[in-house]
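Should a chain be cited, it is by its letter among A, B, C and D, assigned in written order, with residues numbered from 1 in that chain.
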Amino acid sequence: MKKLIDAVDDVVVDALQGMALAHPDALTLDLEHRVLLRAEPKEQGRVALISGGGSGHEPLHGGFVGRGMLDAACAGEVFTSPVPDQMAAAIAAVDRGAGVLQIVKNYTGDVMNFEMAAELAAAESGTEVRSVITDDDVAVEDSTFTAGRRGVGGTVLVEKIAGAAAEEGRDLDEVTAIATRVNERARSMGVALTSVTVPANGKPSFELGEDEIEVGIGIHGEPGRHRSTLVPAKDVARRLLDPILAELPGEGPVLLFVNGMGGTPLLELYILAKDAHEILAEAGVGISRQLVGNYITSLDMAGASITLLRLDEELTALWDAPVSTPALRRGL
Amino acid sequence: MKKLIDAVDDVVVDALQGMALAHPDALTLDLEHRVLLRAEPKEQGRVALISGGGSGHEPLHGGFVGRGMLDAACAGEVFTSPVPDQMAAAIAAVDRGAGVLQIVKNYTGDVMNFEMAAELAAAESGTEVRSVITDDDVAVEDSTFTAGRRGVGGTVLVEKIAGAAAEEGRDLDEVTAIATRVNERARSMGVALTSVTVPANGKPSFELGEDEIEVGIGIHGEPGRHRSTLVPAKDVARRLLDPILAELPGEGPVLLFVNGMGGTPLLELYILAKDAHEILAEAGVGISRQLVGNYITSLDMAGASITLLRLDEELTALWDAPVSTPALRRGL
Amino acid sequence: MTTTALTTTELEDWLRRAAALLTDHAAELTELDAAIGDADHGSNMSRGFRAVVEALDAGDFADPAALLKKTGMTLVSTVGGASGPLYGTLFLRLAGATGGAASLDAAALGEALAAGVQGVADRGKAAPGEKTMLDAWTPALEAFRGAGDDLAAAVAAGAAAAAQGRDDTAPMTATKGRASYLGERSVGHVDPGAASTVLLWQALADAVSGEAGR
Amino acid sequence: MTTTALTTTELEDWLRRAAALLTDHAAELTELDAAIGDADHGSNMSRGFRAVVEALDAGDFADPAALLKKTGMTLVSTVGGASGPLYGTLFLRLAGATGGAASLDAAALGEALAAGVQGVADRGKAAPGEKTMLDAWTPALEAFRGAGDDLAAAVAAGAAAAAQGRDDTAPMTATKGRASYLGERSVGHVDPGAASTVLLWQALADAVSGEAGR
């Protein structure tokens, strides 16, 4: 295992400190609870948004803390859900009297830990806490026989769009409804060119041959739908977009999100973006907004995911709203 | 070789098209000349900035085209300087009557091709063209016996700061002087954890063992100062910062730029940033501005570079000025 | 020296023995999790029970409820993942069910365990047969309650049934938790949470029988 | 059939032969560049001369100057890297030196080559001994000019000297171009630009001597 780290046990804490040090104007770190908070808290009377999950997906979630997006992010161990105490601390810190929305990726551990945090908060402070569970990964097929679809790329879009709604002053019901709508209208799928190596494990989580790719992977090295030989990027794009399009609800233009897994350079992501444009044009799907880059990663995995979000006027306006976070910034 | 590409020969053109498609509000592509231009040209009477070089360093340079930074970027083949025709086309397109500054990384091919472009422009249109050659890489030691220090991370800072000066309306002399000053006050060094694989070559440019790193590499898979066994990130940071600090001119606070080589995830870059903070604190060097992320990469290489820029009041103000490009955005 | 009812002393003994067993078998549990999950169950459980031992070292507990509540809270706060809330809820429900009793005989422990296992099912929205820790807890609870009033005998029966339940998870297809993404490919592997459940029962049996050398 | 002066016909023949030789030896040139540079000299040169052949196919040239200028411009516009401007400048200077002459005898070609080689030195800010293409061009030019008025003999002398110059780059330490980053480690490898220079001289010798089968 070759990584720029100091000690396997300190990876999360060191990275959190580095992140806070690198963005002193944007972020404050509650080191005890491993919670990144906005350096300038939101004004009173606004709905607050928190998220979190296992580490190893940077910039998600800490990189999305800031004006127009999250109020706090809770960092678990690498690929391990944070514990309720962390979310409770985050909720207490960000509550501005209008309630708190938790954005939770659909993994059993995450769902239960956030749920307990909400119970804790309700019991201790009376803060109204809602949760939206993101589950946009179409690679999980039989969701009745599984823990359900996983939350992946769509989570970033939920955080941005619901964040904008909260910033505008919408109430907890509205912000929750918007987050729910974004999740319902988003579908994703990913591909791995190489495995991920978890620092504490020290070896690749799965083996892929020199000419193999794994299609439909999760963001924790979970297995995919099928293994295939290496194919051109356009075929990769097709294998991701076909199942996405088959399950994408609604009509009209989409937001195209081409996301890198951490080990794939921008050059390749832009090639994949071009291929996605061509395929969507053939399919008669208009693209009205885009995001291309490394936003929800899986440590050092080489690979990419594509997310489509079926926009509407309101979601488009909220997507366009100003945002100022370490990883996503526009208009501020 | 595992890459998300469609055809080895089309890598550059496909990526350029993807980039233009992904950022339609920001970029326009002159496909014939492989030049990315601002979608909204700069107003008349302002100095224009162009840059360019071999591809494979994305987001450099195309990702830095936009308000407050470059006016155009010329993309060569992977790791091969663009040809003068490309720069001539860029110069013709961006000239607003106040002259054009070329920002050129110090490699023999780049220097000569940009030089010929300037001669062409002078002969054909009378546009006044200046060039600033960046050479911030302290890994090249005996610069009298070599083609001189290479241009690496400092180039990004030159483009941002000179871009801000041009946007403010400073004249060609002033913009050139500022670009020169940034380069003179910037020093960089990089480390590779893995080799780069050039698409046309299909195999790694050099071999590194499972526990080896190469310290002092260039951004084209050029060899480094020495090979070493894998060490903790803090020791890596020290091996980059010691030679940088030994050659960094001036006094006072610095801008710390921790840059990823393309295959290293943000988690690790933030750990390196934390280590750099600690080492600089021990050395009594204040950090007043920062940039952490993948900005000047080397295809899929895992590794990182650190750049320090000795700031002064003027450079700080220009660094803080608004910028709106695909890869760097703030205040717009 | 066998025990007929559990006071804070025996409960503490149980938990310290459990911590030792989980630490000794951490690699094994992680191996099981690597096959059908994300290779962290051993480190999750040993991290959690290390923290429980620290809490026991630091604390002074008025009654079983206080001790079990502290254990549950500690697990919730330090384990994370799926097993943290599940084992945490189990101990919190145990605590809730004991009221203010100073000791738990077989009947009282049976009541408490029933509440605890129900807590796991509630928290995980799971039922037996889905290849989770419930497939060890459910038969263990039944065997325990069916074994009568002798605490040592009942715990031994529970431990044996837990082990059988763990082994029975191997042919199951997972439909809950991370292993469910594997579908059919989860068949043939023992569930890691069922395996850690067996270790808890083993520690309890050792504590009740006064087995030496924890 | 040997030639005593070069008209556009012979010049075109030279360049087409050069293109064929460079394409045949592209892998070899790239191999040399891989050792001390960035593994692209073969593809750079064959891409450039493929474009030159296309320009020759399309064009109709009034005199040697027009043809040589087109060649230089094409190389500058298609090669990139270090060799594009260097070879491009060489041909542009050749063009400039021929004035409006309809043909070049040995003396005129000597004059032109001197201007071209000076162009390479100017453009590269280089001198002989720095392990670059100049280490093949410089001795070749000297041998050519020292060989007298017989064009074929002079070109043969130039080609032989170029080959010797190429071989002599092996023990040198590079101080210009990409190979200079290697310092001492560049010793023992032949310079790729010197090797491509030899191929140009070989093509010229073949064209002048009317050697069959290009």
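In this text, contacts are C-beta pairs under 8 Å (C-beta built on N, C-alpha and C of every residue); 3 or more make two chains touch, one makes a residue touch a chain.
Chain identities (UniProt): C, D = Dihydroxyacetone kinase subunit DhaL.
On a predicted model such as this, the values are computed, not experimentally measured, just so you know.
Once the centre of each chain is set as its mean CA position, subunit B and subunit C turn out to be 56 Å apart. Mean C-alpha position of subunit B lies 33 Å from that of subunit D. Put simply, the C-alpha centre of subunit C and that of subunit D have 81 angstrom between them. Not a single residue position of subunit B touches two or more of the other chains. Among the residues of subunit D, none is in touch with two or more other chains. Contact topology of the protein chains: linear, an open path with no closing contact. The set of touching chain pairs reads A-B, A-C, B-D, using the touch definition from the header. Contact residues of subunit A toward subunit B in the complex are 2-7, 11, 14-19, 21-23, 55-56, 58-59, 63, 193-194, 210-211, 213, 230, 232-234, 236, 258, 262-275, 277, 290, 292, 294, 297, 299-300, 302, 304, 329-332.
Residues 76-77, 79-85, 107-109, 112-113, 115-116, 140, 142, 145-147, 150, 198, 200-201, 205, 218, 220-223 of subunit A touch subunit C in their complex. For subunit C in complex with subunit A, the touching residues are 34, 38-40, 43-44, 76-86, 88-89, 123-124, 173, 175-178, 180-183, 185.
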